[in-house]
Structures are given as C-alpha cells and as structure tokens.
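Heads up, the next two complexes both have chain A, just with different partners, chain B and then chain C.
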Partner chain A sequence: MTAPLDAPGKAAEAEPEAVVAGVSGKAIQGRSLGQIAWLRLKRDKVALAGAGVVVFLILVATFAPLIVGWFGHPPNEFHQEMIDPSTMTPKGGSGISGEFLFGVEPLNGRDLFSRVVYGARISLLIAFLATVLSVVIGTVMGVMAGYFGGWVDTVISRLMDIFLAFPLLVFAIALVGVLGQFEQQLGVQGDTLRILLLIFVIGFFNWPYIGRIIRGQTLSLREREFVDAARSLGARGPYILFREILPNLIAPILVYATLLIPTNVLFEAALSFLGVGIQAPTATWGGMLAQAVKFYTVPHFMFFPGMAIFITVLAFNLFGDGLRDALDPKSSR
Partner chain B sequence: MVTYIIRRLIGALLMLAIVSMVTFSIFFVVPRMAGATSEDFANRYLGKAATAEMAAVAAEKLGFNDPVPVQYGRWIKGVFAGAEYDTGASIEQCPAPCFGYSFVKRQPVWPELVDRIPVTLSLAVGASVIWLIGGVAVGVLSALKRGSFFDRAAMSVALAGVSLPIFFTGIVSLVVFSYGMGITAPGGAYTPFEENPAEWAYNLLLPWITLAFLYAASYARLTRAGMLETMGEDYIRTARAKGLPESTVISRHGLRAALTPIVTIFGLDLGLLLGGAVLTESTFSLKGIGDYAVQAIMTNDLPKIMGVTMVAALFVVVASLIVDLLYAVVDPRVRLG
Partner chain C sequence: MSEPLLSVQGLEKHFPVTKGLFKRQVGAVRAVDGVSFDVFKGETIGLVGESGCGKTTTGRLITRLIEPTGGKVVFEGNDITHMSQSRIRPLRRDMQLIFQDPYSSLNPRHTVGAIVGAPFRIQGVKTEQGIKKEVQDILALVGLNPEHYNRYPHEFSGGQRQRIGIARTLALKPKLIIADEPVSALDVSIQAQVVNLLEDLQNELDLTYVVIAHDLSVVRHISDRVAVMYLGKIVELADRKSLYDAPMHPYTNALLSAVPIPDVKHRGDRERIRLQGDVPSPLNPPPACRFHTRCWKAQVVCKTEEPPLVELAPGHQVACHFPENADKISAPAAAKVARNVQDAQHPKGTIA
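And now, the complex of A and B:
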C-alpha cells in the first residue's frame, strides 16, 4: 500500500508525526478523514473497478425494463421456434445471436439475456434490503451491548453467539417453508410474499456479524478521551451516543454493510437454487442454475446466470475490501 | 481447567435448550402469529379427506389446544422417551429419540436421518481434511512470501473462490470432469466406506474438491491475515533473537498462535456441514441430511423439516463444544487460566 498515512504504527499516532514532517517541508494542507479515505480509495484501482461494476449492476437492475426493451424480449415470453422439438434444446446449441444476446433457455426458448437482467433486480433488491435490516438490528444491538456493558452486554453477546452458531441455511429453509404456507393470513402473496420473506429471513439471521463488530468498536470508543471530554462538559447519554459515538461508527458500518451484500446475494441465490426462494416463472439467478443442472448439455444456460452471481459477488467484495483499507488504515495488510 | 470444562458444558446445554425453543417456535408459534389455528396444525397429521370435525378432534387429542410451554415440554419428552400420536383416526408410534413423525410417509423421522448420516459425514469429513490442509498451507506460504507472485496469484484465486457459489462450481466441474472427460463419478452415487473404500472415494472425489475449494479459499485468507499479524509480534523477534531456526519460529511460535482462531471457525464450519451440506448434496444429488431437508420442503412435510433442523442444530452445538474443549488443550491461556 502506498497510501499517504500508511506509516507504521497506529493512525492516531501517525497524524502528529505527519504534521511535524509537514512543518519542515511544503505548506500543509488540512484534510478531513473523509478526504484522506477518498484519496486512498482513488489509488486502489482494483477497488475502483469493483465500485464501477457495482454501479453498473445497480443501473442494470434499476433500468431492467428499458434495457430488455432495447436489447431483448419480455423475460417470460416463450420462443418455441428457437427450440429443437426432438431434444428440447435451442437450435444450433445455444441460440446466441444479435437478437438473443445470451441465447435462449432450453424447453421454452425464453430470452436468457432478459432473464439474467431481471434476475439482477431480485438479487440486488433482496441483498440490499436484507443488509439494511441486518445493519439496523446489528447497530442497535451492538451499540447497546458496547455502551451499556454489564448484563445488557452479556445477554446480547450470548444472543449473538447463538445466532452465529445456527445452521443458517437449514433454518432459513424451514422458516421460508413454514411461512410460505400462510399466504392468506399474511395478506400478501406470490413474488411480493417471497421477496419480503427472504429479506426478513436473510436480514434477521445475519445481524450478529455487524453486531459483533459494532459492539467492539463501541467498547473502545466509549473509553476514548473525546467521550470523557464530552462527559466532563456535561453531555449525557443520548448526546454521547448519537453525537459522539455513532458518527465514529459510520465507517465500520459502511464497510461491513458492503461486505455483507455479497454474502446475501449468495444466500438468496442458494435459496432460489434450492427452490424455496422466489418461485418460477420469475427470473432469478439461483433458480436458473437449478434448471441448468437438468440441461447440462447446454453450457451457456449455466454460464450466464453463474457468471452473473460471480461478477456481482466479486465486485462487492473487491469494493468492500478497498473501502475497508481506505477507511481503516490499521486493517491494511 | 475443570471449571472451564464445566462452564462450557453448561453453556452447550443452555445453547441446546435455546436452539430447541427457537426450532419449536418456528414450527408451532410463528405459524400461529401468521394466523394458523389448532385445526390447521392437526390437518397436517390427517389425510386430505379429513373433515372439520375430525380436525377438531385431532387438534384436541394431539394437544394443539394446550398452552405453548406444555406443547414444547411434550415435544422434548418425545425426544428422550418416545411419543405416541393419537389423531382419533389412528395411533402412530414414534420410539425414542423421536425427532418428529412424518404423517406424509407414515414413519418416524429419526431412523431415516440415521440412514443418511454416513453420506453427509463422509462428504464433510473428507472435504474438511482437504480444505484445512490446503487452505492453511497456502495461507502460510502467502504470508511468508508476502507480495510475491505466489501470494498475489493465490490471493486472487482465493478471492474468486469465496465469490463463487458451490452450486455453480459444482455443476461446471460435473460438466467438465464427469460428463466431459469422464475422470470423476457423475454424482448421485454413494458407496458405503466399509463396502468398497476405493469406490467410496471415487464417488465422493469431485464433491470433496468442489466443497473444499470454497472453504480453502476463505481459510487461506484467514490464515494469511493471522500469520501476518503474529509474525509481527514481539515474541517472534525474541524467538529469532534467541537464535532459533526460522522453521521452528514459524511452526512453533507463529503458526501455533495464528491457528487458534482457525480452529474455532473450523469447528463451527464442520458442525454446520454435518447438519447438512445442503447445497453440495443438492448439486451432486447425494442423499445426505441436507438433501433430506430439501426433499422435505418439496413435499411440504413439516415434521421432517423440524426434525432435520433440530438435528442440524445439535451437530453445531456438539461441534462447538468439542472445539472449546480442544481449545483448552491448544491454548495455554485457557488451560492455566
């Protein structure tokens, strides 16, 4: 790493040295922590590439109907004329052409490009909202545990241990399976029900990852001088929590939220792959891969949804790693 | 150390109690919050032709009208002493340990699960040996040769590895190695170890490698980070200053400390896998515990899902208990503290 503040030792100690060094050299320029982080991030080409892909994916998901309107066909439209009736696979192997950019699905000839594009919507929507849910629960619990300590900390910490040791996937399967049966009672149905269920299940089970980190950060922040200073000036609980501690937690929250999104993308894909997530005919990457298993002689069918998952997860991971290095010099390798 | 072990045992029991309550709640309390009635529950135990009166009788006889803690107590009792389900229309026996009774297939869940344990066990243990050795070795080498070509290549592969879902790498490797080149088994087959060890290994080779790759990637990243941190500690400098050979410094002082967090994670991962390598089993059509859970969902057989969930949780708790006890052996701070 060649970041400006990447001197050995902790960042807090490095700053005064930098000021001293600056006195003898050129005029020093005041930089906020945000500016420093941005400078570091700008030099990390890999993280920037990840960020670029993330932005691209968000745009694709947002404007999916437009993109499909220009370059594809409606995602659930059958194109039986593209299918060889004797094998039920696309004519000419994949059906990739200027008209069908990613080819067509076996069996009914649906446009694979459109389905992959629409799959991005489901995947990102669920991953984002589930992450928001985890971050909210995790932050509240983590701050409470770290700030109040004592029995509050003990109870919340044990709770987090228990959650972390749960067989997540099996529990998620069970919960989705049980709740999915109560369409009428819950008042929502179809895709909406499934999307809400997945957001709830994924978000609810993942909060301890954020919670543990936030707890640790709060614990150390609570003992810092500036908190003591605020307290000696007469600041009380809520002020210290919201004005002194919470602003300092934004960086770790941002970093670990970014790193939780790819986990959630994989989680959603896994549930849809197993058939307990979003149901057919709605296009999901996991669901398409489950179908692709049955048509393994048509490699393009597994390639595009699989690569979509891979690229999405990788991009978020790269961006998240870069963000962590930029915001927290201590963690840099 | 004795107090440590006793504390851990109590912790594990407490954990089991909570996990069983959560599992019970998912199946018997959450549906009620969503609006299910006692008759809805009873209907699961009756055929499709059941009338409303039959459901009401069954709900009363099966105890769905009792307070929730009573129902929970009855369920726990079934695990230890066995249970009998009287629906009014028929009486079904479920011997201990009764982890539920499938009224779809008219048989207890536990014996079916027992049949499937060898498959999941073989898969999980085989893969874990590969990923532990491979992941830790790559991580250590990467840390020692930090910044080298090997380090960067290995870490790039590892990052790709943690970003790939197993159901994608699984299918691709099936297509390439099994259907294409024909050098590995085409999934779906399992030969018990005691019958033919060679065939057992041949059938499991591809699932092992695919599963191990995924985990080795994250273990390599963890080991590398841990090694970099420990090798910068003062006691490593001291060890070098004493004139110890570098290999001793790395293995006895560096790796040993870097490995402790890995051991914790390993225990949890192995426990989770034993409770059902759901995705791997599904991808390679292996009839293990995870596949059982998926099949149960497909047939809407809730007692089965509940049984498998509970057994999976049991594995995790036991695995983390074993890890905690191993910790006492590995880490002197625990042993002497």
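And now, the complex of A and C:
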C-alpha cells in the first residue's frame, strides 16, 4: 500500500493474516509514517539538495556576525579607499578580491559580502515568523471552518475570500508607511518596528491560503469513520479535534509552510525594494537591489543580492515539493 | 422472554432537504421510517436490505451518532433517544459499533496501541495492570500479535485492520455490539475468518450483536433472527430458519432467490424472481405498502392501505397483505389473509 521499500518492509506486508502470539520467529521492525516519509525523502536527491541549502542559509543567518568577522568587514563600514572618486564606482569595476569576496558597493564602498550575509538574517527572520503567523491563523480558522461547518464555515470562508481579494501589495505599502509613523505609540522603533510590521502585514494577509487547504482537509477527515469511532466511544469535541484530526493535518501544514516561506522572502524583498520595508542603512536583499538599479554599470551589485534571493526561493521550493511528495505520495505523479 | 437488552420502537430519521438561501425545507429523505424490533441478551439479530434501505442509518441512530427524528431507543431500560451526549457517555461503554471500512475507521496517525487503548482513555477507565497490558490481552484475543502494539494501521492487511477495529470495540467489554457491514469490505476468505471470530467472541464474552449486512449468506451464518428492511421499514422479522426456509414477504422471497447457488446442477431447482424497476426514492416513497411498485402480487389494497407488521406465525412478523408460504401461517392470521385475498378478487364496489 505504501511505496515499495527495502526488505523488512516487504516482509511486514507479506505477513500472513492473523499472526498468533509467539508464532512469528524473527522480529520485524515496524515503521512509523514519519520514518517512511524520511526514507522517501532520502531518495529524492533534488529535495535533499534543497534541504541542504536551506540548512546552510539558516546557519549563515544565525552566525552572520561570526562569518563576517572571519571573511569580511562590518556591514555598515565605509571603505572610501575602494571607490574611484571620479566615477564613484568601485576601483577595478567591482572590487572583488580576497578581502572583499563579493566586491564593494558603489559610493561608499561597503562590503557587499557582509551585507548579503546580514541580509539573509532579515529575510529569513521575517519570512519564517510571517509564515508561522500565517500557519497559526490559517490552521485555527481552517480547522474551525471545516470541523464546525454551518454558519461558522460560511463566515470564515467569506472572510478568506475577502482577504484573498485584497489588493495586498498596495495595502501593505500604505500600512507600513502609516504605522511606521507611530513609533511612540507602538513602543518600538527603528528596525525592530519595521521588522514587526513586515511580519504582521505579510503573515496576517497570507493565512487564507493555508486556511483553505486546512479547511478542505478537515472537511474530508471529519467524514472518516475513525472520527465516528471516537464519537461512538464518547469522545468530546476537543479530543476529536486535537487527537484525531490535527495529527492528520501536520503533513499538509508542514508542506505548505515550507512553500509559503519563499513567497514571503520574495514579498519582503519586494517591499524593501519599494522602500517601505527595512530602512537603510540596515542591509536587506530587496533594499540592495533597489540601490543597485541606480548603478547598472556595476552589475555585481545587483548580481549577489539577486542570486541570494533566487537561491533561497529555489531551495525552499525544491525542499517543499520534495516534502510534499514524501509526506503525501498520492498527491502527485 | 425477559426484558430486551435493546428495544427500538417506531424509530424514524428524516433528513431534511433544504433549498435556497434561507434553507427552506422542501422535503425529507425518509431514511428510516418507523422501525421497531427488540434485541435480547446473547442473541444475534441480522439487519438486511438493499443499499439505501436505511440499515446503516438505523445502526447509527441506535448508537446516537445521529439524532433520531422520532421513535424510541431503549437500552437496558434507559430511554437514550434524546439523552444528552454527556449523560449517554457512560452508557457507551456497554454499546459499541464495528465499522464497515477498516481503512477509514482507524486513524492512520495512531499506533495500534493508541487505537485500542483509546476507549480506556476516553472513558477514563482505570485498569489493574495498566492500559498497555490490557490492550495486549485484547489484541491476543482477536488473534493479533500483542507485540504489534507500537505499529501503525498501514502496516496491516484489511483483515488485520478489521481485527484491530474489533479489538477497539471489545476494549471496554460491551454488552451490545452493532456491527455495520463488518465484513463487506473484506475478501471472501477473510470474511469467513472475521465472521468466525465474531462468533467465537460472542460465546466467550457473552455478547449481543446487531449485524447490519447486505450479504444474505453472512447474515444466515451469524444471525439467530433476521430483519429484512425495505425503504426504511422492516418488512419481515423472523428467526433465521423460518425466514430462509419459508419467507413470507414477497420482497424477502425475491432477495433470497437472488442468492447464487454454488452447485450448477441445482441451479434449475429454484426460480429466480426478477424485480422490475429500481428502488423508489426515499424522498418520496410510495404510499401504503412501499413495495407495491415492484411487487408481482400487488393489488388495489396494497396501494391504499399500509400492511402492519404482524405476527403471522410464531415469532414470524410480516408486513404484507398477501404473504407467501401461506401454509405456515397460524390460524387467526390466516383468516385475515384469506379475507384480503378474497377482497382483492372481488374488490368492494364491483360486486354486484
């Protein structure tokens, strides 16, 4: 019934009906669904490569200060000596050298390597936390809509339609711009405020995508007989929701969360590019791209942050697709 | 006989059919429309009928998975028809349900131990040697390896899964088990194993069964008494032997004639009754006798007067104006039937 695996799995399936205790001699290893998914994932080299890059990116973001300490210069340190004063561009075109791995920025000569590394922090932090926010809201709303049905479902489903029809980008630009003015009232300021705002805006408006999937899954799970079995045993609503239905939703939640992260990376980059995200001088990939547009004669300035976004998005997408194939082999192919 | 363990009286379930924005009710599917029977301790009662005749709905009404529209369900002297879920919870220990589809009735994310142990946790039952020991004993009882405690349902075959389902049902040592098509999703060879297991368990644990099935041979094998349903009503209720040997309701007769005969030489011995047309919709069932649209014996009276379910022979209840096997009918009932037949031949008003 599951994908053919190696010998022990086959032995378990070929086991005769009704093994009486003590008859079977050799021990047969049971496998949980998680173990089976892991075995499937291990055979998917593309997904593994994606996972490897994802892990690498997370490590880079976590240890950014260390990495920059070894291989670069502080991200906001000016290096005017690297700039050709007549053109305001880096000496020698890009300034790439053993000291400046990705070269330097035009105008002020900041170390591009350090800025890309620090940019990973902002990008991943916002993408992760926004995804967490979306997943939490989406799961709660989706499960409620699917499980309770009736008017609850109607209200939540219409709410999702409204959110999905929202001109999100325009609204996000306006919201970040407006809320950014209320530094005193909100009690936070600077980058912290901007990061929180971006997490909120990106996370809060993306929940319907997860919500719809979870609602559909819950609808179909609710009709399965094991839910009736629990009810006929006298289980209450919370038991059915948390013990019977929720464990079956972990796979889709995990998959769509992984696929939502790259979308959020792109969205954060887009907002920073448009100038409503994190403000200079803090390094972000989107912000760097926005700067780079003005210096199209120095292509490396656009290349490195652009590649960083591209690789991040690609890695998460490949990993997410592989995860979906591994956790739910029926959904594709 | 003594007090019945379960008594179902005039049970009804009408599923509303709604239309439009304001959910205006435009009709009702009469899935179960006045079903009555008693189940006595230690017996097995079979509930047979075509798809859509309301067998499964009846089972779910008895276990209160769905709310009855009318009638009464009395279990061990308690009227549970409209009892609140919190009051019915302790009673659920004594009344359990076996499900049809062993692939859907076990949660794929739970281990066998968690599935079979769930009744203890849900009902808050304390066990002497811990839940694990108890669960392993039950697994051994249904013929599964107790060491499979930590395995997941996907590691088992269909028959093994059904055994897991049965183990869960048995966990709290219920008095009454309602088996909803317990073997129809299984291979024929496995069906026999599971049916025999159910019988063994009955002898061992003193169980009472209500077996819902569409397979007449399975029901014949396992039941003491059999109820035949048609469009939400019981048309015939009798002990196994008299029902299979001398069915009185034409519908039962037609059903039995459709059971394949394994021996080729004897195929000619019995006449196959072919019913005309489809089962009418329970949304708009035919008036009076619901079977009259397909019955070859139907007369005017069948379309105007509903035949009550009455005892025509000892322990043999039939709802028909013109029952078959008339020689088995006991004397007082025979007179009534004879009058029906006479009326049909000379309908009132046409006699000069």
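Here, the second predicted complex is superposed on the first by the 305 of 333 C-alpha atoms of A that agree within 3 Å, B and C clash if a C-alpha of one lies under 4 Å from a C-alpha of the other, contacts with A are read in each partner's own complex, and residues count from 1 in each chain.
Everything below uses one rule, namely that a contact is a pair of C-beta atoms (placed from the backbone, for glycine too) under 8 Å apart; a residue touches a chain by one contact, two chains touch by 3 or more.
Remember, it's a predicted structure, so these values are computed and weren't measured experimentally.
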More chain A residues in contact - chain B or chain C: B
Partner chain(s) touched by A:141 [first = chain B, second = chain C, both, neither]: neither
Chain B versus chain C as contact partner of A:234, first or second or both or neither: second
Which superposed partner A:104 touches (first chain B, second chain C, both, neither): neither
Contact footprint of chain A on chain C as seen in their complex: 60, 63, 65, 85, 88-90, 92-93, 96-97, 99-101, 104-111, 118-119, 122-123, 140, 143-148, 150-152, 154-155, 157, 159-160, 163, 165, 168, 190, 193
Chain B to chain A touching residues, read off their complex: 15, 18-19, 22-23, 26-27, 30-31, 34-36, 146, 159-160, 162-165, 167-168, 171-172, 174-175, 179, 225, 228, 268, 271-272, 275-276, 278-279, 282-283, 290, 293-294, 297-298, 300, 302, 305-306, 308-309, 312-313, 315-317, 320
Footprint of chain C on chain A - complex, ascending: 1-2, 12-13, 15, 17-21, 23-24, 30-33, 224-226, 228-235, 239, 244, 247-248, 250
Touch list for chain A against partner chain B, complex: 161-162, 164-171, 173-175, 177-179, 181-182, 184-186, 262, 266, 269-270, 273-276, 286, 289-290, 292-293, 296-297, 299, 302, 306, 309-310, 313-314, 317-318, 333
